[in-house]
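Letters are used for the chains, namely A, B, C, D and E, taken in the order the chains are written, and counting of residues starts over at 1 for each.
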Amino acid sequence: MGKLYDRLMKDYRLREGLNACINCGTCTAICPAAEFYRYDPRRIVDIVQHQDDAQIEELLKSDTIWYCGECLSCVTRCPRKNAAGLIIMALRSLSIQTGFFMESEKGRQMYLLCKDLNHNILNYGYCIYARAFKYDAHLEAGVVWQWVEKNIDEVFDRLGGNLDKEGPGAMRKIPQKDLDELKKIYDITGATEMLENVKNAGLKKAEELGLTEEEYCQKIYTECSPKHFNH
Amino acid sequence: MKNNILVIGGGPAGLEASAVLSRMGYNVILAEKEKRLGGHLAKWDRLFPDQTPAKEVLDGLLDGIKDVKCFTETDVNSINLLDRSFNAMLSNGITILADAVLLASGFDMFKAEKKEEYGYGIYDGVMTNADMEQVFREGKTFSPAPKAIGFVHCVGSRDEKAGNPACSKVCCATAVKQAIETKELYPEANVYCFYMDLRMFGRHYEDLYLRAQKAGIRFIRGRVSEVAETSEGRLLVKAEDTLSSRPVKVTLDRLVLMAGMRPSEAGHKVGRQLNLSVEEDGFFSSRDGFLSLQKSKLPGLFYAGACTGPKTLPDTFHEARSAAMEIDRYIKENFRK
Amino acid sequence: MIYEGKKKIWAEYQKEIPEDHYFYVRSCIRQSFFPASEATFLDITRNKLGKDIFETEHHTTCGGIAYHSDTIPQETVMTIIARQFALMHKYGYENYVCSCITSFGLYCETMETWREYPELQQKIAENLWKSCHLEFAKPKFLVHASDLIFKYRMQIAAKSKYKLVNKNTGEPLRVVEHIGCHYSKMFPSKGVGGAEYPYVLVGMVEAWGGQIVDYPERRHCCGFGFRQYFIKGNRGYSLSNTHKKFESMEPFKPDMIITNCPGCPYFLDRWQYVIAETQGKTYGQDGHGIPVFTYEEVAGLVMGYDPWDLGLQTHQVSVEPLLDKIGIPYDPAKKYLGKNGKYLGEPQKPQCLK
Amino acid sequence: MIDFGFSFSPSSRINLDKADKEKFLSLAALEPDVLKCMACGSCSASCTAGAFEDTSVRKAILSLQNGLSDDAVKLLNHCMLCGKCTMVCPRGINTRHLILSIQKIYGK
Amino acid sequence: MIYLLTSNILQISPEGIIDRYPNSYNHFVLPFVIGISFILVYLFIGLVRILYHLTGEDRIKLLKSLFKPKTAWKNIKDIFCDCLLHTKIWKRKPLLGYMHSAIAFGWFLLIVVGHIEVWLFAPRHLSGLTEGSLYYPIFYRFFIWINPAHETLRGSVFFFIMDFLLLYVLSGIGLAMFKRVRSIALGMRHTTKPSLADRVALYSLWLIFPLRLLAEGFTADLSGGGFLTRPLNWVFRAFFGNELNFLPTWWAYSICLGLFFLAMPFSRYMHILTEPLLILMRNAGLKVRKPRKGFAEAEIYACSSCGLCLDACPMNVQKKNLKYSSVYFIRFLRRHNKRKTREIADKCLMCGKCYALCPVGVNSPAIRRALRETQNNNIKCDYSYLEDASSKSSATLAGKAGGKILYFAGCMSHLTPVIIKSVETILKASGQDYEFMDRNEGICCGRPLMLAGRTEAAQKTIQANSRIIRESGCTTLLVSCPICLKIFKEEYSLNGIEVIHYTQLVDRLIKEGKLKVSKSSSAIVYHDPCELGRGCGIYEEPRNVLSSVAELKKASKERDESICCGYSMGTLTLDEKDKAKIAESSVTSLMAENPDEIVTACPMCYRAIRSKAEVPVKDFAEIVCENIEK
């Protein structure tokens, strides 16, 4: 019984998601990530159930745990009522707690994700905030989004939205009191601390690499090594 | 006076036990709910591991029950224990007072449609092991000749979600046997077996496996995850080849599901009336797991065959014979002093 | 394909959906990309069907996307969820309807975890009190907005102006459904029709005259993958998964796609654009794509809403060929107008996708 | 064409419909043993070259069955023919000659 | 034909019996002349061909060796002993040896003495290098008639010698005929199936000498004769009277000779002429480089197809596998049958027994290896990792193994941990300082690759291991696997580091008094591993040691006749069942004197024999360990 495994077992997702795995592979068979990455969720479950700390540590430091798209399709098929997706979520949390996430390319992306998503939540009350979703960073959103972005207030008005306005409705301005409550929740549930740690780790890395924050963000936003793929 | 013995279930266990008991001089009454005697054996074509025709075995069994009173298409409407004997009312109106009862209610096939993702009853090409045996038995052929056929082991076995975490014991050997027979019928076809563990535990079973391998049957270690129908009406099957840690897909013309063994519903009906205890897996529990396998907790009520869990045919016959011995002993000890 | 077999399965997954009185919670993605869908939902339920659907400006995101991008702890997201539930309770409701599938899945998951680990529920209740001074409560019924539309599908059909039928041939339209992964894959019993053959969208399409087309990758994820989309370096994953779906559905020649998830219609729509612009490949007729709709948009169309009120002009795949096929009138001149008829200019034309 | 800054990912999925059966059958005709592998892994466990590089007869056979002949050849590239796998194979597969044949048939 | 026969009789009918030298020519010599001319031309072309296919380096080597007195003397000795006297066969099977030497040496002497006779008695104009020189010594008794009054003592001696030699040859022929019927009497269980050319040559050969006897018998009253021919002449006269028509037997004699020579290049008898060349080349130190050309060609033609290798080959336990013996391998090589030769080459266990027992010394394992090389050497592989592996290993050993023994267990020993454990126990018990070269991971010695014909690949592993060994600074390399031993000795250049097998080391340690062993009462038999015995010539050391720890029994076949255990790395295609059969036969031989235990000194023999023996099987080191005096 290893220490990392014990820490993992404290996570409710692991307790819920891990029964004895029989390595049947039904999860991998339909996993979108297994389809397009060098990735096998079954192996991850198997490693975790072996409780070998060395292997778990290797996992926490690897890119492997970051390939999952958390679609949770794996849950449906498992004959043993395991949930590979939940186990991976627990592994990711532990990787962040232990700082091992900084050892992998995909793990380092946490910096940017934490920054952007939580900025939206704490400032606007939304995970995705239309006004912050820029065509320049999302060419795939299409030329139509370029048009929406240009006329965003008009378009929201036209479509029954309530962009940044008082009262209920789509993309309304959420009262500051409610946003304060969210911040408080963040503070007491450890989210604030976690975000701080991720931020500091990222900034430290940027400094090591001799990059400005912006350059570092650009780097982790775009880099993609071929080793992630089969073939 | 001859003692009456009621045998419930006219499958291999019931037939063999009835034959032995009637040879011993008992008055055996056999109740079978179906039209035909023989249970699942009557629906099977050939038996593993040596492909003996099921009919040969069944004929042998039927030869032995000439002196047995057989009621087919007969349910046990009610049964209860009076003092020392059992009083059973059959659905044909006959009431029987029996000194001993042998419960040989066997098993039901797992309802393959419960594994929704395999699409049994939804996709045309998906069938079960029993369907396949019927095809073999009736000498039907698939037309056009299939280019690829798959066999899925452990359907409704080793599957908590399907309500049966246990192994059904016979499916591996059945799958391999059917795969070989299929390959013999369609030598050009690619035949795949999707397995998790190959449980080839019996004598000659491993030879069967080796024979299948040599015939070019491909064994893929991975449970089928999902089946879908393509635009040409073929079946797209997805699994993981766990030995190479990669997802795999293959297009098949037929997919045969190895439906496992579940406790018989009709058997449960009898069991409930007598308050017989069942274990977690739904099969009846014997008095103990070693020395009193054929005995129930109720004096005078005995078990044989798959009503106490998945069994192979030889296992079933051994149980039937030992149940007959136990009944004989029981009668002699309790009724002939 | 044996339809009867599916019916048997649908019969097994009957979800209890209350008729009325819901606390409505919005979806971040749908608010951003499909504001008209949510507006249509409220309009149909409240105004056309006369239901009590309550919304408060005080509800926030459930945090699901941030949680599934691993940027906040489970405890945090559970407390945010508890806050949403508490608001429902505060406003006197016990039926909770959410617009988002990620939220729906997360609510189901959270409630299940609370049920299994009461000490965790206790802790969350304490967190909620400490941070917001709200009383912990759980909804009696939790449904997704598509469950409601499914529930009302016959009423909508009764009020419909158009059917999902090709007006030229009289044939039902060939519709592909796409269910959000978090709808029922985790808890098949929580979704209408289960996880393997969900009936929620099939029921709508059948009620409104269309014909559902099953294709091999029907159950496959659209490829959103949260972090797999947000980070540009990972976006190949997202694109490739959608690509896989389209390659699989192509031989079935579907007329349209209906979805019940916030992200999926965005991805199924936009990745068609990317595939067209990078590979020159389109999946619809004559260089068009296959139009992708939310269930509210489809409901709105059959009920005779103006396509531009439904926000179809914000789709990248053009919807006009389909509208023509059904025979729904639309005014091309009004496509790019603002609320007060102000012309907003036209978006650029894609190079390949028509 | 627009450069979106990312591209399609290659699929990891093995498509058995596309596996080259003909070539595998010609190998099986020459080396019937190849069909006898039951994937026990004894060969990989004892492999001398495997201590340094990913080398495995079991995996190579599997790759061939899956139509991934390049992978198979790669998995045998480092083999020193020491014969330990032949000694330990419970199915008595003549792995050494099998390796040579695979290299000759697929190694072009 | 009839004309030829009758006309000659008329011409030379013996009327007045005087010394006379009739016509120096008669038509009947033609078959012989054609035959001998053909074979001489063939021989010349063949020689040129072989020399042409040698590498330049080898040609020079061969040429130089001919003039080196030591080699020259060895050449003469070998040719005399091997080609004429067949001493090798004598040693193992005296009757068979007599048979061969009677025919070979007897015939040789007939020719030599015949020439001397011609040189002494025939007029110069007939015996010189003129038209008669080819056949004169052969048909001397036909052409030279001697008036009995003129018979000298010297002449009578020659008559006697020639008849004696003829009798000598005939005795050999008689045995040969007998051998055809019952080979086992001459010590051969299996005999070669003769080919068509073999049969023609064989029957001609059988007939040559009886016919010569008949022919000379017919003319003995005219030409003179010895103790065989003269009495025969009297018998003929008694039967046929004075009007003897002797010409047809001379014709028959000549035809048989001619036929023999014509069939020779296509038959096994080519070995008579090729063997001397092989001896010259072998003594010059040439090696087989190509499977069919150059030196190999000499080897191929030198094979007498005698079939002694059939009995030697361990595969002979199954009749179906006799076809893989060297004699057939070489026959198919001669016939350029690529499919068959490849099949046979791959099947062979390379145990080397056929080579060890071959009377001619044809190194067929080397030819097989060369053939495998043509098939397998160009397989593309990646051994770049070996460089890293060797530097890593070097670094771990650096400074540790200096001046010590370096123990290389080898791949196979790792499958038999008892060997490794016992070797280590012995080393410790005898106070030897050592380092373990491949305790966790090791690079293969390269011999298996070499045996598979992958010479270049083998060189890579050799380089990698050489580096580790050299850089370790060890003085002795100790190996426990004979397969490794052979290649370490033959192909590695280790700057004087001694390579030693553990049997040798233990023998030395006991002799030096560093290891004390006691003798148990157990009766054991020792199995000679092929690569250790025939491969490296190590027979005595293990026996020395084993006889001091137990009572050493004999196997029915041992030392260089030891039967391979069947699990040799040499074979590429032999299947498991056939291997098991060979292992069984090896065990049967070992059990000849009912020993309590079988001991061997090779990890593979250990496993193979263990799988078939009914008595305990131990490794050499294991049994030594059991008997170390504490």
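To be clear about the criterion, contacts are C-beta pairs under 8 Å (C-beta built on N, C-alpha and C of every residue); 3 or more make two chains touch, one makes a residue touch a chain.
Everything numeric here is computed off the predicted structure, so don't read it as measured data.
Between chain C and chain E, the least number of touch steps comes to 2.
Of all chains, the one whose Cα centroid sits at the greatest distance from that of chain A is E.
The central chain here, found by comparing per-chain C-alpha centres with the mean of all protein C-alpha atoms, is D. Taking the mean of C-alpha positions as each chain's centre, the chain lying farthest from the centre of chain B is E. Here the two chains linked by the largest count of contacting C-beta pairs are A-C. Here the CA centre of chain A is 37 Å from the CA centre of chain D. Between chain D and chain E, the centres computed from C-alpha atoms are 41 Å apart. Chain centres here are Cα means. That of chain B falls 46 Å from that of chain C.
Along chain B, residues 117, 221, 226, 241, 246-248 each make contact with two or more other chains. Residues of chain A in contact with two or more other chains: 30, 34-37, 76, 140, 222, 224, 230. In chain E, no position touches at least two other chains. Pairwise chain contacts present here: A-B, A-C, A-D, B-C, B-D, C-D, D-E [touch as defined]. For chain D in complex with chain B, the touching residues are 12-17, 21, 25, 28, 32, 35-39, 58-59, 62-63, 65-66, 91. Residues of chain D touching chain E in their complex: 46, 48-49, 51-53, 77-84, 87-88, 92, 94, 96-97, 100, 103-104, 107. Touching chain D in their complex are the following residues of chain C: 232-237, 239-240, 243-244, 274, 277-278, 351.
By the touch criterion given at the top, residues 117, 154, 158-162, 196, 221-226, 238-242, 245-248 of chain B touch chain A in their complex. Those residues of chain A that touch chain B in the complex are listed here as 19, 22-31, 34-35, 40, 42-43, 76-81, 230.
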